[in-house]
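Okay, got some structures for you below.
You will see two complexes here that share chain A, one where it goes with chain B and one where it goes with chain C.
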Partner chain A sequence: MFDTFLLESIINGILLGGVLALLALGLNLVFGVIDVVWICYAELVMIGMYTIWWLFVFYGLPLPVAIGAGIAVVALLGVLLHILVIQPVLGTAPINQLLVTGGVLFFLQAAATLVFGIEFRNLGVRMPVVEFGDMFFSFARILAFATALVGVLLLWLFLTRSYLGTAIRAISQDREIMPLMGVDPRRIYLITSAIGGGMAGVAASLLVLQYDVHPAIGLSFGPITFMVCVMGGLGNMLGGFVAAFVFAQFISVGGYFFQIEWGYVIAFAFFIAMMFIRPKGLFSR
Partner chain B sequence: MDKRILAVLGIAALAAVPQFGLGNYHLHLLITVLIWGFVYTSWSVMGRFGMVSLGHGAFLGVGGYVVTMLWNSFGLTPWVGIPIAIVLSMTMALLVGYPCFRFRIVGHYFALVTLALGEVVRLTIVGLRDQTGGSLGMTVEGVPGGTSFLALQFGERATFFYLALIVWAAGLWVWRMVDRSMLRYALEASSEDEDAAASVGVNVTRAKLMITMLSAGMTTIGGALYAQYQMYINPETISGIGISLQIVFAVIAGGLFTQLGPTVGAMFTLLLAETLRVTFGHDIHGLDGTIYGLLLVLFIIYMPKGITGSIAAGLVRRRGAPGAAPAAATH
Partner chain C sequence: MVAHLTRRGLIGTAGALPFAGGALAQQREIKIGVIYDYTGPFAGGGSLAAAIGTKHAIEMINERGGVEGHRINAIFADAQSRTEVAINEATRLMEQERVDLLMGVFSSAHCVPLAQRVNAQRRFMWANVCVASSVFKDRNLEYVFRAQVHSDQFGEASCQFIADVSQERLRKRPADVRVAIIYEDGPYGAGVAAGNEAKARQLGMRIVLKEGYAATAPDLSSLVTKLRRERPDVILHTGYNPDITLFLRQSRELGLRWSALIGHGAGYGQIDRLKQTFGNDADYIFNVDPVAAQLLNPASLRPGLGDITAEMVRRYRAETNATEVPPHTSMGFNQTWIFLTDVLPRAIRNHGGFTPDALRQAALATDIPEGGTIQGYGVRFFPAGTPMAGQNERSSPVVMQYVGGETKIVWPAAIKTAEPVIPLPAGHAYAAR
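After this line comes the complex of A and B, so read on.
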């Protein structure tokens, strides 16, 4: 029997996959180049969401302007994070680099509580619902999916077609040789942090259209972003892209058959199982 | 020998504390430090060998929830419930740990796999809302009169203090046993270079599994103890990333490589939280957390050895002889 609701949740899963792919992209880029996992990545997204909300609701700026400013703010935040927090620990044990951004996670979460309070905020923008056959899809999700695809494409073009992008890829392949070739790694790291932050900002602008923002929102999609990146192979962008869609299907279809938490439980359990089959990611060589 | 005397004296002094007529508040702080000091010690038992788990909330959650659910639904005493929870936790650690260590999942990957484990347990607790109360949490059913040895409930705070003290001291003892065992050398070698360790006859997978299961079992006891003390548990406060990261940070702040480091970390984080809470009150939401997060970042950047580690290093420098390092700082 053909099940419309199942089809609807499969397509919704694909749409969700687009957002996850975008989220994973920035994190993967930063890891691939700087070799640091930003545990606070989802919190950067949260700050971006708040910035957009604040500019749009309080200052009454047009939404596109607010979104542009939000992306710029998070990109700047990525640079600051790198200069103030990552740089001092670059030479130390890798686990310190992981934990220090965990400290930033607590800091940003509490700072957001301090500034914005614990209320759930939303833009108050009504997004139309798209009806197709008997199925309903949120326009915000379709928009997010399309933007994610465009974002992935643009980043890919930048990394493969531009001089700077080539330097970034080169340094991710060999950290020791590239400085000898006349590439300044510090500059590359800063640019990468800015792009990684910018990606978080783009993700924020798409999420703020769909979800209410509150200080703990990072915890609800942070873990899933890490899982997507690890399953695709940390630093492997194509892997992360595919893994995002696999994960989204588990969450969406699992949530359709059971409850939404069980969708997540199945996705995480699948992740743990996959780690044993392909420890270095789906597309490891 | 004098170290052993010192330890006995220290614990005797602690045991005498409730006799001085401390108020309930201070006794509560002490019990909290002891329980968390034990949990943090349990984490550091494996964490000191470079196996950084971001998922110990999973074991805390199993400890708290399994014991409470067995007691509330079937009236099964925690004295039986805790061993059941320990077996469950250890099985979980085995199931996830074996493939991890077999396939050399280390560093970032290990941390993130354990993080997923913590989330699985948290979401399972939330998902089983008919049995666990979901995000609202769950109350341990009290016995009439408030005190029952069988139910591991003590209306008198001082009694609970002694229980926590015994568990905490046992935790330190386990830490010391591991510190003096061959397992320690095997694991230190493995954390440096797995291939080299394996080539001299270390069974890396087995050594890592043993320490992980030990740590998981201890953490489960900590979770159960916490539930019995607070009489209320909640998936967010007992499992999930928040608490798992808190464990790691407290240990880093206190000192990862010293016996008393995790306990000092528990004291430090609790004092900090209480001071900030008392100073700023609850009127300004998030101020205490902001300062806490800032301090954590500064700690990791400027004091990666933690409080006890830095003191120990300072002592060594003053004596001018590296060999004269206090035994507590052996690493």
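After this line comes the complex of A and C, so read on.
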């Protein structure tokens, strides 16, 4: 007999994959170009969520304006992160880069606690319910899924069809040679950081429609986002995009057939197995 | 760390002691290390409300001259919603700050290892808020005491309530009621869920789903889908925040309906926040908890306790601007008040001071009848050698329901302030169609 609940779980897994793919996009871009892992990436998303909440609820700005401002703020944060934190340790041991961005993670968590308190904040926006047959889907998730698709497409067009995008790809392929050919890597790094931050802002604008924001929300998404990126091959945007959907299906369908915890266990077991089989990720370059 | 007195202040005080002379008698103090989660997800889930209750109880006692001539010097520590931090802070308080006892602790996940560790060191701990029965069950703790309700009682109360009203309200015998049990998978959620399951089976209810999840899980949609498939009449949920808000939000989006949703404390004890997030959709949610003291009729309590409750409420509102005072405030305040007005004075008077052994003997001699605390229940601890040694055997929870943004007591019948609204009224976002 046809199981509509299973079909619903599969589709919800695809929609969850959209959320994870969106989160992975910016992180992969930054790693692919600058070769630095922003451990504090989920905390940048958190700052974006707070910014949108603050402007929409506290200042009463229209939601699209608040979202636009939120994306801009996180893009700017990405630039500041690069100038103030990453740039001084570029060229040093990778562990230093991990540690400084890890420090920023705790700094942002503590700063958010001091500024916004420990309350759980939300926009208070009720999203419509999408009902199809006997199945139900989250409108916010559909929105996130569509945005992830559009985001990947736009990023791909930018990277392949524009001069700047070509320069970014060139730097990511050989950061020693390109400066000799007239490309200013510092400028490329700043632009990449701004785009990476902007992508975190886009993710924030969609997560804030689905989740309460609080200083520790990064704990819910940070580890999974990294696992998705590593599974797809750190720096490989297409790999991360596909890995997000694979990971989400394990969580959703695994959680449907077994206990919900088992969905995560299966996903993590698959991740560990893949690290043995393909240590550089499913789609390593 | 949130220190009430700064290190410099302490050093300054110590330096001034030789010159204090006759004033020394008034400066005797008892150092209490108070551990709560002031940051992290547990803070907004009730820990901060409980911490404020504890702080106000200590302030009120000090304003009244302290305990048997001793000023209470509370040193507050932030567990940051992390077990390892809670343990480190407890160690710091005991070994560096040299506190006389530990108090507080919101999360059962912190409470279980802390209680073991403190007891092994033969130090004294007074647990205020954590509820897991596993803190005490079969551990034979000697220096850890808890007047608070325990998780088995939470689990039993919700099932007994449903059994009591099912025929009249749901037109079903208890044996025909379809029950789903969902819970965060820490000691707190698992403990309450075990109590739910045992009582539901005893009452012959049909458990259609029992499932745990991590409180930090970013997605509960497959759990919601399974719940829709199993069509429970009643969902028994134990969680913190933000998992509760995620569950409620995804349930609405994914079309989950029920006749009754019964929460068991923590995030469900925060009606102001639920109302703020879900508006009228938060109406008619049930919550099992030790009662918020201000909901009780003061005439049913020992004379004078009504005034203390009123002062607790006044101070909480003045500090937080909240309209509703959550049960956690009462828990933090009540447990502290019981200790400072009953156990500690007896330890000093009858057992020679406030050493761990003196406090232990005083705690074991506690005998507060029903109506003797602001939350209504009495206090008498299970003695050493019994399976729940250290746990209050007279504690009891109530079932509350949120109606129009206000909290009503609906069970037990003897103290209820309103009739339960069950099943959900037609037109409610979660009402079965």
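Brief remarks on what is shown
Going forward, the second predicted complex is superposed on the first by the 280 of 285 C-alpha atoms of A that agree within 3 Å, B and C clash if a C-alpha of one lies under 4 Å from a C-alpha of the other, contacts with A are read in each partner's own complex, and residues count from 1 in each chain.
The definition used in the following text is that a residue touches a chain if its C-beta (ideal position, glycine included) is under 8 Å from a C-beta of that chain, and two chains touch if they have at least 3 such contacts.
None of the values given here were measured: they were computed from a predicted structure.
With both complexes brought onto chain A, simultaneous placement of chain B and chain C is prevented by a clash.
With both structures placed on the common chain, the touch criterion links A:Thr113 to chain B and to chain C. After overlaying the two complexes on the shared chain, residue contacts for A:Val85 are found with chain B alone; chain C is out of touch.
When the two complexes are overlaid on their common chain A, residue A:Pro215 makes contact with chain B and with chain C alike. Of the two partner chains, chain B is the only one that A:Gly103 touches; chain C does not reach it. When the two complexes are overlaid on their common chain A, residue A:Gly32 makes contact with neither chain B nor chain C.
When the shared chain is aligned, chain B and chain C each come close enough to touch A:Glu261. When the shared chain is aligned, chain B comes close enough to touch A:Met227, but chain C does not. Look at A:Pro94: by the touch rule set out above, it reaches chain B but stays clear of chain C. When the two complexes are superposed on chain A, the residues of chain A that touch both chain B and chain C are 110, 113, 118, 215, 219, 259, 261, 264. For chain A in complex with chain C, the touching residues are 5, 8-9, 12-13, 16, 19, 110, 113, 118-120, 122, 124, 127, 129, 131, 136-140, 210-212, 214-217, 219-221, 224, 251-256, 259-261, 263-264.
Note for the complex: chain C touches chain A at residues 38-41, 43-44, 48, 81, 185, 211-214, 216-223, 225-226, 228-229, 241-242, 245-246, 249-250, 252-255, 273, 276-277, 279.
Partner chain A is touched in their complex by these residues of chain B: 50, 52, 96, 99-100, 103-105, 107-109, 111-113, 115-117, 119-120, 123-124, 126-127, 240-242, 245, 248-249, 252, 284-290, 292-294, 296-297, 299-301, 304.
On the side of chain A, the complex with chain B involves touching residues 37, 39, 85, 88-89, 92-96, 98-100, 102-115, 117-118, 215, 219, 222-223, 226-227, 230, 234, 258-259, 261-262, 264-265, 268-269, 271-272, 275-276, 279-280.
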